[in-house]
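In what follows, structures are represented as structure tokens.
Both complexes below contain chain A, partnered by chain B and then by chain C.
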Partner chain A sequence: MALPIQEILTGLSLGSRYFLVAIGLSLIFGVLGVLNFAHGALYMIGAYVSLTVVQNATGNFWVGLIAAGLAVGAVGAIIEMGLIRRVYDRDELDQLILTFALVLIISDLTRTVWGSGNQTMATPELLASNVQFLGTSYPAYRLFVIVVGFAAMGVFWYAIQRTYLGRLVRATSSDRDMAALLGVNVPRLYTGVFFAGSFLAGIGGALAAPMQAFTPALGDQVIINAFIIVVIGGLGSFTGAFVGAMFIGLLQSFGVLVASGVGQLLPFLAMILVLIFRPEGLFGGEEQ
Partner chain B sequence: MVNDSHEDMHRATDDRRFAEFDRRDFLKASGVAGAAGLTGFAGCMGGGGSDTITFGAIHLLSGFAAVYGESAQLGYEMAREEINDAGGIDGKQIDELLYRDSEGDGPTGVEAARSLVQEENVDGLVGLDSSGVALSVAPVVKQLQTPFMVTHAATPFVTATNGPNAVGNDYVFRDGVNLAQNVYGASVTASETDATTWTTIGPNYAFGTQTWDYFKAFTQGMDLGYEYLEDATAYPALGAGDFTPYINKVLNADPDGVITSLWGGDLITFINQAKNSNFFEQIDNVLMTVGAATDVLRPMGNNMPNGLQAGTRYWFGAPETEENNTFVQNFRDRNNGRYPSYNAQNAYTALYLYKEAIEAAGSTSPDDIISQWDGMEYGAPVGDFTINSQSNQAVLPAVWGTTSYSQEKGITVLDPVNRIDAPAEDLRTLLEGTDLPAGV
Partner chain C sequence: MSNETILGLPARRTAIVAFALLVVAPFVLPTFQTYVLSEVLVLALFATAFNLLYGYTGLLSFGHAMFYGGAGYALGIFLRDVAPSLPFGGATPLVAFVVAAVLGVLVATAIAIPVGYLSVRLEEIYFAMLTLSFSMALYTLVNQNYFGVTNGSDGILVLLNTANLFGFTLSLYDRVTYYFVILLVVAPAMYILWRVANSPFGLVSEAIRENSERASGLGIDVRRHQWAAFVLSAVFTGIAGVLVAPLHSSLSPGASLHWSISAEPVIMTVFGGPYSFIGPTVGALFYRYIRWGITQFPMLEAHWQLVFGALILVIVVFAPRGVSGLLKWAVKRVRGDGGEST
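Now for the complex of A and B:
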């Protein structure tokens, strides 16, 4: 009994980490129409910013977490205003090459500043213990990550569906020119969306830092899963990103029980099936 | 993943044909220029004629394991400076090493080896961090007829000449402990425990599965009567980021002992996550085949659990010889007090092995170097060793010890540390009847 519960919790905590990356990737594509390869690199910066703030400056994990979100959000906004804005009207290939170049630049800058070695960070003391849970013991920090994932989903859903700003985002995403004619400041909105997506990636990276050793290649590992998730869920759909992320997390944790290595294989299989039978993704096309 | 190495080997075979073709073409072209011209050409090729000696190094220089390439560079640079300051090799200075990134990919490694030999005319090759790359490169250096001292990649198949999948040949040597020697040490260490049921958690490629295969073969050969829990074996992908599903699986099988071949950042991640799952309280015997790598211990700080059995291919605290102490002291002086990793020691030793061979032969010709290395005895920081002339593998003891955090050194150390002799004949005898080569 204990094993299935542990694998469910592990799957959800994996899913929550993936969600924080996938949502930004999906949001930026849905609104701006740009497939941002550099999103994994932004996640990676989040881990390093948090590490630096915690270890060298404040010693406080929570400050590091917020700082990582804000710093990465700012980097994202600068990238959008300085570079990506110039290629909105070019074809997708140009956008891909630009964002891919950013991956290489960001990774190498990170190596120059922090080195290639593995970095580790202690779990915040408040969450360092294990929680007794339905007859099993589970690390509190992972439960916290799950809570953050679900909370991010809730806040996003509310913001997009129920607020004025959310309506602006949806309007701009369905017709940029019309929204501009109606007085929406489209460039500023785009920068805001890029900031929000990057902010979440930064939070995701900061949350990952106490869970694993990381190097400047951290983003490479994450971006592949994020792409699988948005393909399965539907590019541009945040419900899809959430369901896809949790689905992949659970597949990876339960796949291990079927056979070694299967946990890595199943997400790709799922993606292939989705591409064949529902190429727009499970939730693609519903919200737009 | 075995299939992968097969594929790599097929590619390598193709590459070999190209290499052969290149070389023949080259010789034909030189032939046109006549005998005198040919000699001149050989001079340009970096053979006997030049005033300096050039080495090419192929390592992981990017990606999540780039730290291995970096620590090897620290070893090479230290050796190069020392040798040059002391007058060079036979009076010739060593040029700046030419580094190439293997990107952990067989064909990229092959391309690098070929470019270093054919375009840069290096006198010798060193490096290789990944066994997959080593399996691809080994057959090619034979065609390039250039000596290669492997410093890190540990697969026994690179220093084995007989049996299926063996790619060892006259030009490939290794100065570091190979996987068979290391896992032999693990088996001896296991035999001293009372654990009888075992399983493994390792990376999802040849290194992970071979570690388990060799462990089973050695412990069976030693008649330890172990039960191997195959259903509980766990092979997460490299850089998986979260090993908890695998940790849960192993814990659920409740083995007495677990051997893990996870390395680098994956091992750090695994240990931290295993601690959160109380893994080390529930599993009495954990053997980490490359757990005592300083690249792992340094970032771990005092978070490494005490009392685990950890192996390494070189330990800075052993042997306690003047040679080793001087090396460690000088290395730390150069690198902000950092302790040398096995990769740094192996890289450092590789250049000295070239110096030894070139000076003994009085020539930098490839055939002179490899015939000097054949059976050579050498005293390195890692200890005195002989290069076995059948396999071209350095016969080194496996280093295993118990982890214990040292306040004084600020890093987890091995205490006690055992240097377990791994004689070539013993390894071969234990593996008899299996299709696993000792590679020594």
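Now for the complex of A and C:
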């Protein structure tokens, strides 16, 4: 029985990383109506910022994690204020192309600053060991990532459903003009939402950094998975982003057992099936 | 129909002049420039075929690489595995190329019929996502070499040979010769697309783009029409795909089927301007020559993605109708001023 538990844990830790990207993508789409192609690139910056802060400045993983979140959040806020704001009223295609152009620019800048080679980062000492868990030995760091993923979902759910700010966000996403009439500072809220989504992407990237070697192509790999997840879960649905992320994580980790490479094919097949039979996504239309 | 125009110029005359220039070009240009122009022709067809679906019908496909690369792969595999055993003597290389090209276009069509049927039931971003997932599924299948004939991520070589026709030799791999092959296919294909865009079919497409509910109220079967436009767009994309594979002499999942290839006609169309027939062609011209221009400066070449991305930003933010919108405006301006001064 050791094997399935290993696969489940691997799937959940993959899913937790995916969730942190997908939730930001979904939040920005749900509130601003923009499908941000550059979201994967923001995640990638998170990995690099954390690498630099840990290796060259502080040596402290936790400082790196927060720094990555804040730095990427700031980049997101600047992008929203400087560029995205200009195309809210335009075609979806214009928005998609604009964020695609940002992908090119961000990848190039990343290559210029950090080089195009493989980067690796050590696991923080506190979590470098294996733990005995349900009769199997598993890396503590991966368990930690799972905890962060579930905790992020909890905090996020609470913030959106139970706080005043969450109500403002929900109100603005369902009727922007009405919210503006009621005195909500919509431009500032939009910038704030973009900051929050980017912050989570930055944290996600920083968390992923010790788990695999990465290059400036990291963003391209991540964005497609994030698209799959938010489409399966339902664009703009937070529960959907969580369930979708865990589902894709598990699908990829179990896919390896079926045949090599199937793990890469299954997510696309899942996306096709969901779009054909339930285009609004598994949890689409349930929340505002 | 004398009032048809391209960039504000009379359409027929402009097209004839452009074709004449394209025929003369390889005799004037260096071989490398002929090669670049070959690419421009193929990309123009790719983008125009894409725009039949996007600009005219209002459906943003983010998976057109599936037809472009799919047709190319069918051609490449046929040339590699079947062509050497064909019994046509000296004419074999030419016959093989023609048969492989037809086969490639048929494969693109065969993919488009079911994929289009399923995709057009969705709208806007969901349509884009479904086309993206179909094309990425094909990318993964080819990349993992599930069919056993695609050679995985290494891709395959696409080589044309010299045909002997009654003592007359035709080196298909020769840059100039192949340029004329491309021109001979692209020019009529563009003419057909022009006729389609300016036919009742094209008008119905535009009606659907502007207001599909009203179009439906007028008795148009919207889904069926969108499906037809989808398949038609895929057929011409397939033609571009079978032309480009021998031009590049190679196919690989990353350079033929990846979503970033699907992004190319989208970028070219936005560059050129989506709501005109000639927009994507202007876009293809700009797209290719900007990239070539960038390679001329080592400083820019090292950062071509940055330069390119910045350019896209500027065009999207400041010129929503693309370069062809600007050109049209400029032509009007020049002609208008001329009219006033006399």
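Annotations for the structure displayed:
Operating definition for what follows: the second predicted complex is superposed on the first by the 288 of 288 C-alpha atoms of A that agree within 3 Å, B and C clash if a C-alpha of one lies under 4 Å from a C-alpha of the other, contacts with A are read in each partner's own complex, and residues count from 1 in each chain.
Just so it is clear, a contact is a pair of C-beta atoms (placed from the backbone, for glycine too) under 8 Å apart; a residue touches a chain by one contact, two chains touch by 3 or more.
Just so we're clear, the structure is a prediction, and the values are computed from it rather than from any experiment.
Taken together in the superposed arrangement on chain A, chain B and chain C clash. Contacts of A:V75 after superposition: neither chain B nor chain C is touched. By the touch criterion defined above, A:S137 reaches chain B but does not reach chain C. In the superposed model, A:L83 makes contact with chain C only, not with chain B. Judged by the touch definition given at the top, the superposed model places A:L102 against chain C, while chain B stays out of reach.
When the two structures are aligned on the shared chain, A:T215 is found in touch with chain B, with no touch to chain C. Of the two partner chains placed by the overlay, only chain B lies in contact with A:S116; chain C stays clear of it. When the two structures are aligned on the shared chain, A:Q264 is found in touch with chain B and with chain C.
In the overlay built on the shared chain, the residue A:Q6 is in contact with chain B alone; chain C does not reach it. Overlay on chain A, chain B versus chain C, candidates 7-15, 61-69, 277-285 or 349-357: the clashing stretch is 7-15. When the two complexes are laid over each other on chain A, chain A has residues 220, 260-261, 264 in contact with both chain B and chain C. If you check the complex, the residues on chain B that touch chain A are 62-67, 70, 204, 233-237, 239-242, 244-246, 248-249, 252, 264-266, 268-269, 272-273, 276-278, 295-296, 298-301, 303. By the touch rule above, chain A contacts chain C in their complex via residues 35, 83, 86-87, 90, 92-94, 96-98, 100-105, 107-109, 112, 220, 224, 227-228, 231, 235, 260-261, 264-265, 268-269, 271-272, 275-276, 279. Residues of chain C touching chain A in their complex: 54, 60, 118, 121-122, 124-126, 128-130, 132-134, 136-137, 140-141, 143-144, 146, 259-260, 263, 266-267, 270, 274, 303-306, 308-310, 312-313, 316-317, 320.
Those residues of chain A that touch chain B in the shared complex are 2-3, 6-7, 10-11, 13-14, 17, 111, 115-120, 122-123, 130, 137, 139, 141-142, 208, 211-218, 220-222, 252-257, 260-261, 263-264.
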